[in-house]
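Chain lettering (A, B, C, D and E) follows the sequence in which the chains are written, and residue indices restart at 1 in each chain.
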Amino acid sequence: MKRLLVVLGAVCLVVLLLGAMHDLAPASVELHAAVATNLTASGVEHPVTAVLLNFRGYDTLLEIAVLLLALIVILAIGMDATISAEATVDVRPLVNPVLQTLAKLVVPLMILVAVYLLWAGSFRPGGAFQAGAVLAAAAVLLHLAELLPSWQSPGVKLRLGLAGGFLIFLAVGAVSLMQGALLEYPLEQAGALILLIESGLTVSLGLILAGLFLLLSRDDGETS
Amino acid sequence: MTGGLLFASVGVILFAMGVAGVLLLGHLLRRILAFNIMGSGTFLVLVALAQRNGIADPVPQAMVLTGIVVAVAATALALALARRLYVLTGKLELSQDDEE
Amino acid sequence: MSLEFAFDLLLALAMVWSAWRSLYATRLDRAIVMFIAFGLLMALAWTRLLAPDIGLAEAAIGAGLTGALLLDAYGALQRKKI
Amino acid sequence: MMVWLILLPLLWASLAFMLGPSRGVWLSIVGLAAQLWLAFALAAEIVGSGAAMHAVGGWGAPLGIDLVADGLSAAMLLLTQCIALPLAVYAHAYFKRDDPATTYFWPLVGFLLAGLNALFLSTDLFNIYVTLELLGLAAVGLVAAGGGAQQIAAALRYLFATLVGSGAYLLGVALIYGTYGTVSTVTLVSLIGADAPDLVWIAGGLMVLGLMLKTALFPFHFWLPPAHGGAPAPVSALLSAVVVKASFYLVLRLWIGPFSSLTVVASLVVWFPALLGTLAVFWGSYQAIRAERLKMLIAYSTVAQLGYLFLIFPLLASAGALQAGIMQAFAHGLAKAAMFAAAGTLIKATGQEMVAGLAGVAERLPVTLFAFGLAGITLMGLPPSAGFLAKWQLIELALSQQHWVIAFVVLVGGLLAAVYVFRVLRQAFLLAPAGSVVTPVPRTLEWTAFGLAAASVLLGLRGVELMQLVGVT
Amino acid sequence: MTFNELLPLAVLASSLIPGLLIFTLPESWVGLRTTLNLSGALVKLALVLLLIVGVQAGESYGVHFAVLPGLNLSFKADALGLLFITLSAVLWLFTTLYAIGYLEGAPRRSRFFGFFSLCVTATMGIAMAANLFTFFVFYELLTLATFPLVVHRGTEASIRGGMTYLAYTLIGGAVLLTGIVWLHHLLGHTDFAHAGIAVALGSAYDGQLQIIFLLLMIGVGVKAAIVPLHGWLPQAMVAPAPVSALLHAVAVVKAGAFGIVRIVYEVYGIEFAQSLDLLLPLAIFAAVTIVWGSFRALFQDDLKKRLAYSTVSQVSYIVLGVTLFGPIGTVGGLVHLVHQGIMKITLFFCAGNYAETLGIHKVSEMNGAGRRMPLTSIAFTIGALGMIGVPLTAGAVSKAWLIDGASAAGMDWAIWVLWTSSLLNAAYFLPILWRAWFKPIPKAWPAEHIVARGWRETAWLLLLPPMITAVMTLATGIFSNNQISPLSWVKLIAEREYIHESIIWTP
């Protein structure tokens, strides 16, 4: 019964939407034009970055909050480590030493790529998210090569790294609010401020994204 | 039909598949997969429909970047809960009987 | 029908098919691999939609990180079952 | 001023996280007190000088995001902070030092409040999506934190419901952006006319349905009782009192904002939420009357009380309907927070989770039972209480628009509420069975619940200012 | 805020504040609790006296607060309200005294006296309400405040009684609320006024007003225990004796009866109500209640249950008086509001004394009680004779006015109803008196808790209140024409309600 209803509803939705999308009048507001007009005032040259960190920077601020929040929730559940009583057997094959060597070689390279992406974000595709993701990938690689253990409970330095990017963003927001409007950058400092925020975010995003992985893998029992 | 409308249609189909999956599938990992497909569908509609005339619009693109990060946060959270449930009960499904 | 549109259509079909498989594949590991493939196809679609930023992010986060998280969860499941 | 209501909780939440596990209590309480002051100041300001607007980044909609504090949002902000502060004090006394639920309790609460406050102020549909996710994930985290299998299962159910809800909402936003090229509600009001394309109708339907799922409106209520009934008492209180109302607020905002011309065209549409609301009142009350666990009873009562909120939709033609809705939101918010808090104290003191195990608490824990009773008065809509004023307004509106059925639902709903409230009180007034023990509980637990309950009753003696605030546009 | 605005609030506060304070007192602080109780009651009495003097001198007392835009919580102390206020304030003092004696050493007294005070506060609110909204607020407050008193003993039986009480009163409240909101919607306000407010609407609304009247009467009829809405009253007998006194004489049923009076005279206006044909159906219900209550009382062996059915019957005398169109009937009904209270409280005090002292709960256990407890039994006898309507008692005065009112209104059938009821009253009260005075003392009382010391057959705090109220029963009967008697006051009220009638004042 439920199955039938859901499938029927889904099919109806698809049919209705496809029908309704068919001949749609052009949109009355053209934001891409507005973005192009205001791009010079945004402090960056790449429109997506301009939207992300300036025109709709507030969205991004909240989004980082969501990400940090997810990490905190993962920390909050299962802190009492009542992992099931039966012994968990680690049947993972021994780590290939080649992988370890490779990881040691590749990781510095990945960090370099991340820095490039971050810097490139201001005028072409790239930016803090992509850079952070690369950093996180590096951490995951290290973990797979067993060069980086799963996290149990992050220490104070790690917590600083996790929340630091967000706090910098928040601080910029607070200062700008005191001087006028939230996340309103003075024209001449816009570029610098965005770079500052992005740098902080790259590190924190990398750590948080890596943290999501490293925290989730802690239940495996291999490190506990 | 432009490429924009084509991908918007794909987005709609993906959304419908995803929602049906979240509602109907039993296994938690599959439901999480379904949620991601639902999300991807929505993102496609957001960008593709706005760009149906073929002009790139950075605003929905930025929104989707935000959305992807939010989705990965939700996915990680869901996985953490699912794995926790597995550790505690040895099951990866929500029983139906405690629903009412 | 232009060549570009034909490619888009093919891509669209591949996306729907991979999504379908990742939902309803009988084996969970196949489903997850299918999902990663889906993510990569999505990344391709994003570049076709003039959104290389999202393409990058999708590949790194959508397919990469989410895939890794899912695979790791699956792996943990398998290890515990033994 | 309004922006600080968003930044402040974000700030203390992340600082509390930096301080480490189980830390940051006082930081949070000070932050919440500051927020309460800000909310009052904001309300006073806009009553004096009309709705306030803040263009984030200085760009202004539709390029940027605008925050607007009008009567409706200021009232919701006020309600949220009014409930959060006492509950924080309650939570501090409630959790034991080493309770696993507290490790990251305060950061989660902070993010939750930031999400709420941001949601109430936002006028940007996509930004609202982000706030919804912030809110939803924080709420799920609070339900799950430190819990056992049942709590985790409830949290998962809640998570999927909230994700599907916001997914449907986001698809609606995508369709709206596709149609009009903007997501600013202010801009959309003038764009969406009676002749809107079908796509907008579908978008509206998706958004409203998604939000109803998040509000746990019948028949989407399935996730609420296990989540609210299973979480620790302060969390249940916070979730039941304000979190579910956030998505109701959004439905209302959309309904009277961007989609107002649609709802005028299709006059039958207004009966859809009211119908679900009616069913919610009856079904929720019925389940509450049958519930054996005290907290489940209260959780089902939330399902029922949320139904009242949706009864205002057919009445929105008169200005008073909004006021009635906000009055009901205040009444239920304060009373439900008090009731969950009182229930938490009762359960903690007696060790009994069942309604049947409450015999004798009237004598042993009079303050807490009084709090429960006062909160019950509000839920039943008996005078003098905010719930009564809401009921009065609803009935009068219903009569003036000749919607008898709504008046009937409100009255019968009140009586059904009496049945489940007095089911508890009846048990409490019985003599304690021999050998039952009551562990002493901190005074703070008893009096915070009492304070909230008293507020829900006293508001019934003076609702003029609140109504004046709601009227600000 | 002027003195005239403050005084009604002070009357409310004189029981509210002691009540709230008492809640916080530890169980063992008997002295302070008693002081608070009695000083509250005395202060209230003094304030009421001030009001009486003022109202007689033509002062008007009132105050209002906006609750919502267009909705006021308003109070006034007018002649009609003062009638009820004075009755409640005086009887509250005695009931408090009695309760202090009755509950000596019992558990949960702080809770008891706290709610006791809240009850009286609610009653004062009902009496001073200047519109239906305010009336309803306190009417429901009264329901809530009495519930903990009814279930005070905490036994299954008392809880069941309490739940029955709630079921009736809450449903009644919902019906009442419907009527009030409806009226408020039509009129834009519900302020009481001499000669009514509903007449302003015009004849197009007659149908709606009739329905509203029905709703309002059902709402207040529950508390006034009009058949068939009376089922809760005998059930609530499980409560301790002071609570029964409160329910039957001071607060609850009186609030219902008073509500009927207010609605008929000051919402609809007696003349308008008559023109809408509302009075006759109400009179018929009252008549049925009078006979049915008396009839059921005949078959009750439980003393308090017999008294309860007697209340069902007697309260409807008030209602009947109200419906007898004409000032004489009005006087009869209103004066019975006071007289019934004084007589019925005497009877309940005495019943409580029998139970507390000797363990007597049933009529069949009353043999010889008069010899063992002469003072109590004298008081009981006076009360019972008053209920029957024997001359020189308060009851005789009300009955005389009611009968004259009925014949003046041309409703001779009502006279038959009153006579039938009197006969039935005699039939269920006289056997009790006969047993008490003329049957021999049994070998052992059911449970003798208190041993007589000299003339003090029981604790003096239990003895004093019924004796005083018994004296009052006689005094209000004998000195009914004195200018400070309830009867004189009631005549003052009746003069104001009939604006078109020339009033003939000789019964």
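General observations
As a convention for this text, a residue touches a chain if its C-beta (ideal position, glycine included) is under 8 Å from a C-beta of that chain, and two chains touch if they have at least 3 such contacts.
These figures come from a predicted structure and were not determined experimentally.
The set of chains touching chain D and also touching chain E is empty.
Pairwise, the chains sharing the most contacting C-beta pairs are A-D. Using the average of C-alpha coordinates as each chain's centre, C ends up farthest from chain E. Among the chains, the centre nearest to the mean of all shown protein C-alpha atoms is found for D. Look at where the CA atoms of chain A average out and do the same for chain B: the two points lie 17 Å apart. In whole angstrom, the spacing between the mean C-alpha positions of chain C and chain D is 38. Per-chain Cα centroids separate chain A from chain D by 30 Å.
Chain centres here are Cα means. That of chain B falls 67 Å from that of chain E.
Multi-chain contact residues of chain D, defined as those touching 2 or more other chains: 126, 130, 133, 137, 140-141, 144, 152, 155, 175, 177-178, 181.
Counting partner chains per residue, chain A has residues 13, 17, 21, 24, 27, 31, 35, 48, 55-56, 59, 63, 66, 69-70, 73, 77, 84, 129, 209, 212, 216, 219 touching two or more of them.
In chain B, the residues touching two or more other chains are 8-9, 13, 15, 17-19, 23, 43, 49-50, 52, 56-57, 59, 61, 63, 65-66, 68-70, 72-74, 76-77, 79, 81-84, 88. Applying the touch criterion to all chain pairs gives A-B, A-C, A-D, B-C, B-D, D-E.
Across the interface of their complex, chain D is touched by residues 13, 16-17, 19-21, 24-25, 27-31, 34-35, 38, 54-59, 61-63, 65-66, 68-70, 72-73, 75-77, 79-80, 153, 156, 159-160, 162-163, 166-167, 170, 173-174, 177, 180-185 of chain A.
Across the interface of their complex, chain B is touched by residues 2-3, 6-7, 10-11, 13-14, 17-18, 21-22, 24, 26-27, 31-32, 35, 47-48, 50-52, 55-56, 59-60, 63-64, 66-67, 69-71, 73-74, 77-78, 82-84, 129, 209, 212, 215-216, 219 of chain A.
Interface residues of chain D, counted against chain B in their complex, comprise 126, 129-130, 133, 137, 140-141, 144, 148-150, 152-153, 155-157, 159-160, 163-164, 167-168, 170-171, 173-175, 177-178, 181, 222, 226, 287.
In the complex of the two chains, the chain B residues touching chain C come out as 1, 3-4, 6-7, 9-10, 13-14, 17-18, 21, 25, 27, 29-30, 32-34, 36-37, 40, 43-44, 47-48, 51, 56, 61, 64-65, 68-69, 71-72, 75-76, 79, 82-83, 86, 92. By the touch rule above, chain E contacts chain D in their complex via residues 23, 65-69, 71, 73, 107-108, 111, 133, 136-137, 140-141, 143-144, 147-148, 151, 154-156, 159, 162-163, 166, 170-171, 173-174, 177-178, 181-182, 184-185.
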